[in-house]
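By letter and in written order, the chains are A, B, C, D and E; residue numbering begins at 1 in each of them.
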Amino acid sequence: QVTKVRVSTIPIIDIAPLQVAIAKGYFTAEGIEVDTTPTQGGAAGIPALAAGQVQVVFSNVVSIIQAAKQGLGLQIIAPASTTGDAPPDQAALIAKKGSPFKTGKDFEGKRIAVNTRNNIIWLYARAWVRATGGNPDAVTYLEVPFPQMVDAVRGDRADAAFAVEPFVSGGVAADMQVVGYPYTQVQKRLPAAQYAASKSYIEQNPKVIEGWVRAYQKGVDWVNLNLKSEELLNIISGYTRMPPQLIAKLGVTAYEKAVDPAALVPVVDQMRRNGLLEGEFDPKSILHRTALKA
Amino acid sequence: MAAWCTRPDSMRALPHRFWGVLLLVLLLVLWQVTALCCVASTNWPPVTEILKAVATGLVNGELAQVFGSTLWRMAAGFAIGSAAGVLLGIAMATLPLADAALRPLVELLRPIPMPAIVPPLILLLGIDHAMKVFTVSFACFFPVLVNTVAGVRAVDPTALDVARTFQVGRLRTLTSVVLPASLPFILAGMRTSLALALIVSVVAEMIAGSQGIGYYIMTMQYAMRPSDMYAAIFLLAALGYSLNLALLAIEHRVLHWWRRGED
Amino acid sequence: MSGAPPARRLQAWLGPGVLLSLLLLLELATRSGWVNAVLVPPPTVVAQRVFTVVTAGKLFEPLGRTMYLLAVAYAIGCVLAIVLGVLMGRFRPVHGLLEPLVEVLRPLPKPALLPPLMLFLGLGDTMKITAVALGVFFPVLINTIQGVRGVDPVLVDVARTFQHSRAALLWKVVLPSAMPLVLAGMRIGLGIALVLVVIAEMMAGTGGIGYLIIDLQRSFRVVDMYAWVVILAVLGYALNEVFVRIERRAIHWSGARAG
Amino acid sequence: MNARVNSPADLTLSGIGKTFGSGSAQTEALAEIELEVREGEFLAVVGPSGCGKSTLLQIAAGLARPTRGTVRFHGEEVTQPPPGIVYLFQQYGKSLFPWRTVLDNVAFAVEHRPGMSRARARDSSRTYLDMVGLAAFAGHFPAQLSGGMQQRVTIARALAAQPRVLLMDEPFSSVDALTRLELHALVQNLWQKHGFTAVLVTHDADEAIFLADRIAVLSARPARVVRMLETGLPRPRDRLETPQIPRYLDLRHELLAMLLGHGA
Amino acid sequence: MNARVNSPADLTLSGIGKTFGSGSAQTEALAEIELEVREGEFLAVVGPSGCGKSTLLQIAAGLARPTRGTVRFHGEEVTQPPPGIVYLFQQYGKSLFPWRTVLDNVAFAVEHRPGMSRARARDSSRTYLDMVGLAAFAGHFPAQLSGGMQQRVTIARALAAQPRVLLMDEPFSSVDALTRLELHALVQNLWQKHGFTAVLVTHDADEAIFLADRIAVLSARPARVVRMLETGLPRPRDRLETPQIPRYLDLRHELLAMLLGHGA
């Protein structure tokens, strides 16, 4: 019999393996019917998970750790997106062409646009400033939605922006330049986002979760083998609504099948350093075994 | 004095909306020109591009589907919220106890913006239709409630005494005297609510879900397709405008007997 | 029925009573685990947190910011709406000129206007104030137009027969007669303004109650978040009460107000 | 005519008192009213402004309760509007339903009665509209009629209920002077034809004398019945001729002197 | 008295016509009105409902423009409300400013005049309030007064402007019959004392005869002046005695016969 699993997602390139697994019928093969429901980020997705309205949520790592710390009882079951060993990333710090900014030191007294404060983009913007010799507290962080970031920099309302694709490429194609790639420059193979489920659901349905992760991993394999294929571009275009040519230009990078527990440690460190986390926290406690299997 | 009592005949010759529509067109031309020459931003596409996007969206049926899905939800929320507003409004206006019991609750709930209570909403109603329909009804509820209370209270006691002197029962008095007499107020409240219903359905779709105008606007923005985003906004404006006209027309027909100027 | 004191006392306590019993019910539901206490904390816990926030003096900074934005945007929105409303209500050509624009902009969700607003006004207070003022503008405008239209022609003729100038007519006759409706619009506008200020702070926040609420929500600090939602509700309630009192004094002569 | 004046009491008000408010904000409107309305007569009640005439009439109609005393209608105590008594309001503008056509306004008087179909209610309403000369306006809305025509609709509506007693509270005060004269003639004719009991509250001495068999004069607040005049003018009365009869002029002089209140 | 009736023309309406609307929706309200109002006289204008009396008076006041013909006030053409002419509206309820106190409502008539301070405006207003017997109510708001009192406020306000011509459009039709009688006496006294010219539009034959020196009778729409009656009753007139004078009864019979419209 078929088990229904609702997944809260964000319609961005990062969920390509999930969409491929759906399209290719990998979930059906495991007896699972996946139904995705887009939300505006973890703020709506994670409460929905806690309320039992969805069974799996796609979220960035910082939100997952915060939710776990606040007792929402959730665990990572599979990786979603991880940065590479070296730049470029899907997220970059951009400024106007010809601007003098190179390092964090240059941004002291300046303004950097982030999508939301107290979250992953903000966290790594600060980490990058520190890592490149600046004082993160001497920088002003402005909240600007991603689509408006380039306008904000262009209109001198911010000096730089930590933006994501496709806005990075769009900006660079016009009058922006990349200053840095904070994710990778701070931490190689940064586990930026994961899929999580609630502890109680995992306990009651261990088989479903295992099947889900297996199917998802098949999707990862397929994507990694077909990174440049037209079929992949069409699948991504179908849910992001970006034209396939644009996606091709942005490029799809390989996906991981497991989360490296050690990679979570620096994230937790950064959070603690920047006041997002207090007290004891063991990153392993939020990793379900399915996330560890290679 | 002339301008005070009558307007100049040259103006009267043209339908008076002409100049307004002209102004609208001029503003769009200004938009087009600035988009082409001065404002270098992908978020400010030329009007011609937007109109093209409108045309494409309409031809391939996508916009129709997007709008249909929002309209359906909006209509449900509007109907539920208005009905609740009318019923509770009548109760509060006619029963002092109901008024005393509910007023503090109503006044405390009113200022809470919907995005502030997303988590409990999700907990109680999920993230699908139920939640969105509820938020729309919640928003529609207050204007209708307030107006219904005002309308029922404004029913002339003479009208009620007429019913009493002819031995008309309470329920019948409610349906054939109180309700029609407060209809002008109720409809005015519903007109405010209709605009709110549209706004709130779109905002709710922006927060969660994979359907409707709000989701479409968000997705197009994140897909760097601002022309398509503005296409939806243009249609949204047209939709709001025509919904208001439609309700006005209904009001005109139902309330032909109601003349404002009279005390 | 005869207005006996016990009956009236019962009525006075009924509202708070209903409120308290609802809260009690919620308390039981959360304590007993019927309702996920992580998402909806018990009211007593929230009340405690409200108390802490207030006594620790953490209330005033965000409250002040929110109130400042509210006051500025509200004032701008009302003044513009009243001026334009009087012109549109009084002069047909002005009405014809602006009405289509107004009717096209009115039903647009303000969040949908955010991209162009941010593009042209930036991210600071100007943008937020504009967005909020826009929300206040429409209800006040519509009511002002209706109020000005509803001025009894007899009153206008009275001013004319006593040789008053046009300016005096506007100032002494049109504005006061339209006042009950203008104030009603301003009361609706006040409610909208608070909601919009909070939403604006949520969307491009640098402070204020809205930013706090969304930030606490994003980091799942649910108790704190509810503490601020409660503060917000009380603020809205208080603002409305104050406005109603002012309104009652300002138009004590108008018997028409209810609700 | 005189047979009527001596017929038995139809509606009896005994010891009626009414006090509004309580404590220091108390208003005593009616002091101690004794009044017998005889079957089939036309009784006018006149009195200074604000003396409590409307209050008295509403109590008689069962629309308001007295603080003291009782109202009896054919021996039964009146505590709420009893069948058989209909109240005609002064403000026709407020007592007609603007959303109903003229015909449906009249039908309102009977349509809810058991065994009454909508069609039958309308049929009988048409008869009464005809009586007040408005058959041609059945489909109009009240706002489309002049004030005098609207008041005629309320008269038709009251008659449609086939009342045994018709209580009228200044029914002619809001129409213009000429229309008022026409309505006086109309009401006199209908009353003569249908034989109901009529009680008319008015400020207008001419109106009272022209229409009534007996005139009850009330004192200023708190009201008491201070005089009861028998008009004794021949019927049918005529708008041009009757006011020239010496008895009319005498009555008018007497009534006005009392009302314009050079003392009691 | 008779000196007044024969004094030279103060306000002259010649060839006045007024047509509302255009095309098929045209209403001809006034056909061809010739009317001379003499300095200091009391002129009444009566006519059937809707014949155009208000329209005529508004044209005379400069509040409306005629389609044809001219209005002259002391020889000068009237195109907008001229100083010296004041219009008194029928609906006192609508013509008082509910947000002003009674005193400030009266002050509205003069407060804007050059050289008039607020204090002086109020002082003089108090005098006029006193004349209509409302000095004690200066601080009240209109809603707190009875209808008759409100109409007295509008009379005080009109007088405060010290008009040479006072145009009154059914000023007594919305107050109750007794109050109306009191206001008749009040207006008669004020007019005798101040010597302004008075034009009164009314439906009420008794009112016209009691107050006026001359009565202009208008035809049904489109209105023309079909008769001009001189009352010639001695002044001061008394509410109780005057209506018993045979001349009064004759005038009343004649006027009512004309108005109740058994032909022209």
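The definition used in the following text is that a residue touches a chain if its C-beta (ideal position, glycine included) is under 8 Å from a C-beta of that chain, and two chains touch if they have at least 3 such contacts.
Just so it is clear, the model here is predicted, and its values are computed rather than measured.
Listed here as common contacts of chain B and chain E: C, D. Steps from chain B to chain D, taking the shortest chain of touch contacts, total 1. Between B-C and A-B, more contacting C-beta pairs join the chains of B-C. Centres computed as Cα averages put chain A at a distance of 38 Å from chain C.
Here the spacing of chain C and chain E, counted between their Cα centres, is 48 Å.
Taking each chain's centre as the mean of its C-alpha atoms, chain D lies 32 Å from chain E. Counting partner chains per residue, chain C shows two or more touched chains at residues 36, 39, 115, 119, 152, 160, 214, 217, 222. In chain E, the residues that reach two or more other chains under the touch definition are 80, 94.
For chain B, residues that reach two or more other chains under the stated contact definition are 1, 41, 43, 118-119, 122-123, 206, 221, 226. Chain C contributes residues 36, 38-39, 114-115, 118-119, 122-124, 203-206, 214-215, 217-222 to its touches with chain A in the complex.
Within the complex formed with chain B, the chain C residues making contact are 11-12, 14-19, 22, 35-36, 39-40, 90-93, 95-101, 103-112, 115-116, 119, 139, 150, 152, 156, 160, 166, 169, 188, 191, 194-196, 198-199, 202, 210, 213-214, 217, 222, 225, 229, 232-237, 239-240, 256, 258-259.
Touching chain C in their complex are the following residues of chain E: 58, 61, 63, 80-81, 83, 85-87, 89, 91, 94-95, 97-99, 108-109, 112, 141-143, 161. Those residues of chain A lying in contact with chain B across their complex are 8, 11-12, 36-40, 43-44, 47-48, 50-51, 53-54, 146-148, 150-151, 154, 166-167, 170, 174-175, 240-243, 246. Those residues of chain B lying in contact with chain D across their complex are 156, 158-159, 161-162, 164-169, 172, 176-177, 180-181, 183, 255-259, 262.
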